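There are two complexes below, and they share subunit A, which is joined by subunit B in the first and by subunit C in the second.
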Partner chain A sequence: MGIMSWARGKSPWIAVLHAGGCNNCDIEVLDVLTPRFDVERLGVLWKQNPRHADILITNGCVSKHSKVFVKRIFDQMLAPKKVIALGTCACTGGIFVEGEGANIEETHTIVGGVDTAIPVDVYVPGCPPKPEAIIQGVALAIEKLKQSE
Partner chain B sequence: MVKITAIKEALKALFKPATTKYPHGPPSHVPPGIRGLPQFKDDNCIGCGACAVCCSAKAISIEDKGKTRRLSIHYPRCIFCGRCEDICPEDGIALSDRFELAAYDKKEADVSIEFKLVRCKECNAVVSTKEHLAKVKERILENIDPRIVDEVAADLAKYENLCVDCRRKLSYQLNTHTQKYYSQRWET
Partner chain C sequence: MVTLVDFLFILGLYFAAIGLAFFFSWVGAWVFRKLSARLQARRGPPLVQPVADIIKLFGKERFIPCLANKFLYILSPLVALSAILILSFMIPPGIPYWPGPLSWDLIVVLYFSVMFSLAFVIAGWASGSPWGKIGASREVAIILSVELPLAIAILIPPLALARGGYGFTLSITDVILAQEGNFLWTVLPNWFIFHYPFAALALFLALLTKSWMRPFGDIPEAEQEIFAGPLTEYGGPLLGIFELARLFRFYVFTALFVDLYLGGGSGLIFPISILVFLLKCLSITIIMTIIHVASARYRISHVFKWFLTVCLAFALISLIRIVVGF
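Now for the complex of A and B:
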């Protein structure tokens, strides 16, 4: 672990991307920033610009329309970059896709989870996830960010 | 009431920081009845598959392979609505208070339970699980008219290992057609 990755793990910058869905996970993300849960204790800085960010939090299922934009925003980030899929929709597609259990079939508008468009590092299931679960997801992503060169 | 709790919270925050120490300590507040990961109860579940049918996100799936039935919850797909808990006839599935589900991989993210499957004697189609059939038998004999309990029990023993189609096909051959119960004119 070099000094660069140590420093990166101490202060990851985070951007939030809403790919589609019902906006409930966005509201939970706002809760994480309140004094009660204060994710900035972990050194996180909230940036709404993917070009500055190390970690991208995506929520909502990916539709055929938004798949292109999710991919483009992911490409704008600088390496090393980590992606958190926040919520059930971002993990698998949730109630918006067909198929049973782990077999996910796309419908005429929805492709599925975020992992159909970009590589995902941490999955945080929940509908919406509790703020503590989001903090746990961010902590896991930071651990992974520390290990990357 | 809400105001009183808010004032209490504010007064507490004067002496102790309100921020939780979550990743390095326990979670701040887990309310009773929180909807967490649904889990099967091994003692109560009979493997009927009602939860899989009513699951709104189709997270619960039934897999019949050979002589085993496997019910599994793919929990990255679960929306924690609790319909499975509501519909379960035997209290065999319940939402736990586990909500810290973040993981690096979702391939292995399954909660599952296995049962021995009963297959049809005639055509080898799936009937149901052993526990389910036993429970159905028990319920039928409990709720039926006491005058025909012995007759129905004898008939059930004849066709309990047959699938729905074969039951219908062989009902006259085995003399298990329900018409015979109605044709008995009871003095009421």
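Now for the complex of A and C:
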């Protein structure tokens, strides 16, 4: 718990990546910026730029087309970086993949959750998750950022 | 003959000036973000936020894009930071400034305020990103349109002093000293904003734009269009240096306006004068923030139109008044 850990906890900058799906979580993420929830009091800044961001919020299932871009955007971020999978589609693939539980199979277009492309640190299920759940997910990611090297 | 003691004293003074500038720009940046949040009915970040952002950026991974010109990519944040640091101790904090009135303060201020903007242009071009290049070209357009009204408005107070028989000087300290007392049957303080309101307005708009605030200023970093503009490919410690440089502008540009047009410390005794000066700077920051929050972003062609017609006309009205002697 040095000064760097404190600073990382105080200033997580966030980029949002829409990998595929119905866009509902994408709109729900914007709710946490409104006056009712206001995440800027936690130091969160909305940086739609992976180079500046510490936390990547991905929503939507990963399709075969978007997998390479999800990977590329993850690689564009600078360490330490954390990934939040937001929504059921991002966690598992949701209704867009076949099978359930551990037996998820990819369909002819959809690969599955975000963790098929990049390592995920926090899963926030829901369709869409409530803003409180999103804020809790961000808070968990901040805890992980604090512990990172 | 400069002895070692003199040298150390000057060095200490410069560090004190930079410390004051840093402390005040920290408060100014926080007021900017907190007030923006409050005006949008949000809660806003805590006081430590600007510093936490910078410390965090220094702890991130170091990175140079493969398409970047490595030398210029690393040089441009250092140019921006050194330019703004030189500005922050060349602009006196509202008091007659030791080591004495230099007779060329304003030339240095003009030069390094352009250097500060040019550093962002270099950054955008050197980073090898198309967003950076678009941002850099917008920054160049802003420099081209803003600098002429800015230069005229900065040179109005010394020209007025020369006209009024003070002798020709380009020192900010002399401008501050000349603004003591009252005029107009002692109703108004003897500030240049009351003598030359149009030039003050031109300088205010130019400084608003140079400090990257709306309606004109954030065109280069318009995040809805071009991500972060010149800084798109920057990350980690180099972005931290840029953010530090951009923190100082909350002090530097407001202090320049207060010194030239709002009378600096207004001839009060030493500790009170600095407090009065900082309060004036803070009120300018608050006015700038309110304008920033309340207005939408203009197109880049509107910047040309506004600054090379309206603002230039404002500045020239004052210049013509000085030349004619009215």
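Heads up, the rule we're going with is that the second predicted complex is superposed on the first by the 149 of 149 C-alpha atoms of A that agree within 3 Å, B and C clash if a C-alpha of one lies under 4 Å from a C-alpha of the other, contacts with A are read in each partner's own complex, and residues count from 1 in each chain.
To be clear about the criterion, contacts are C-beta pairs under 8 Å (C-beta built on N, C-alpha and C of every residue); 3 or more make two chains touch, one makes a residue touch a chain.
These numbers come from a predicted model, not from an experiment.
Asker: Evaluate whether subunit B and subunit C can sit on subunit A together after superposition, giving fit or clash.
Answerer: Here subunit B and subunit C can both sit on subunit A without a clash.
Asker: Looking at A:41, would you say it contacts subunit B, subunit C, both, or neither? Reply first, second, both or neither.
Answerer: After superposing on A, A:41 lies in contact with both subunit B and subunit C.
Asker: Touching A:144 in the superposition: subunit B (first), subunit C (second), both, neither?
Answerer: Touch status of A:144: first partner only.
Asker: Quick check on the superposed pair: does A:71 touch subunit B, subunit C, both, or neither? Answer first, second, both or neither.
Answerer: A:71 contacts neither subunit B nor subunit C.
Asker: After superposition on the shared chain, which partner residues are touched by A:94: those of subunit B (first), subunit C (second), both, or neither?
Answerer: first
Asker: Return first, second, both or neither, reflecting whether A:125 touches subunit B, subunit C, both chains, or no partner chain.
Answerer: In the superposition, A:125 contacts subunit B only.
Asker: Between subunit B and subunit C, point out the one touching more subunit A residues.
Answerer: If we count touched residues of subunit A for both partners, the winner is B.
Asker: Given Cα centres, how many degrees, to the nearest 10, is the angle at subunit A formed with subunit B and subunit C?
Answerer: Computed angle, apex subunit A: 150 degrees.
Asker: I'd like to know which partner A:136 touches here: subunit B for first, subunit C for second, both or neither.
Answerer: first
Asker: Applying the document's definition of touch, where does A:7 land relative to subunit B and subunit C: first, second, both, or neither?
Answerer: In the superposition, A:7 contacts subunit C only.
Asker: Subunit B to subunit C: minimum CA distance in the overlay, Å?
Answerer: In this superposition, no C-alpha atom of subunit B lies closer than 7 Å to one of subunit C.
Asker: Let me check the overlay on chain A: which residues of subunit A are in contact with subunit B and also with subunit C?
Answerer: Touching subunit B in the first complex and subunit C in the second, residues 35, 38, 41 of subunit A appear in both lists.
Asker: State the interface residues of subunit C toward subunit A in the complex, per the touch definition above.
Answerer: 33, 37, 40-46, 48-49, 51-53, 55-56, 59-61, 63, 223, 227-228, 231-236, 239
Asker: Name, in rising order, each residue of subunit A that touches subunit B in their complex.
Answerer: 35-38, 41-42, 88, 91-95, 98-104, 113, 121-127, 129-130, 132-133, 135-137, 139-140, 144
Asker: Taking the touch rule as given, give the residues of subunit B at its contact with subunit A in the complex, in rising order.
Answerer: It comes out as residues 18-20, 22-23, 27-28, 34, 52, 56-61, 72, 74-81, 99-107, 109-110.
Asker: Quick one: in the complex, what on subunit A touches subunit C?
Answerer: Of all residues in subunit A, those touching subunit C are 3-4, 6-8, 10-11, 35, 38, 40-41, 43, 45, 47-49, 51-52, 54, 78-80.
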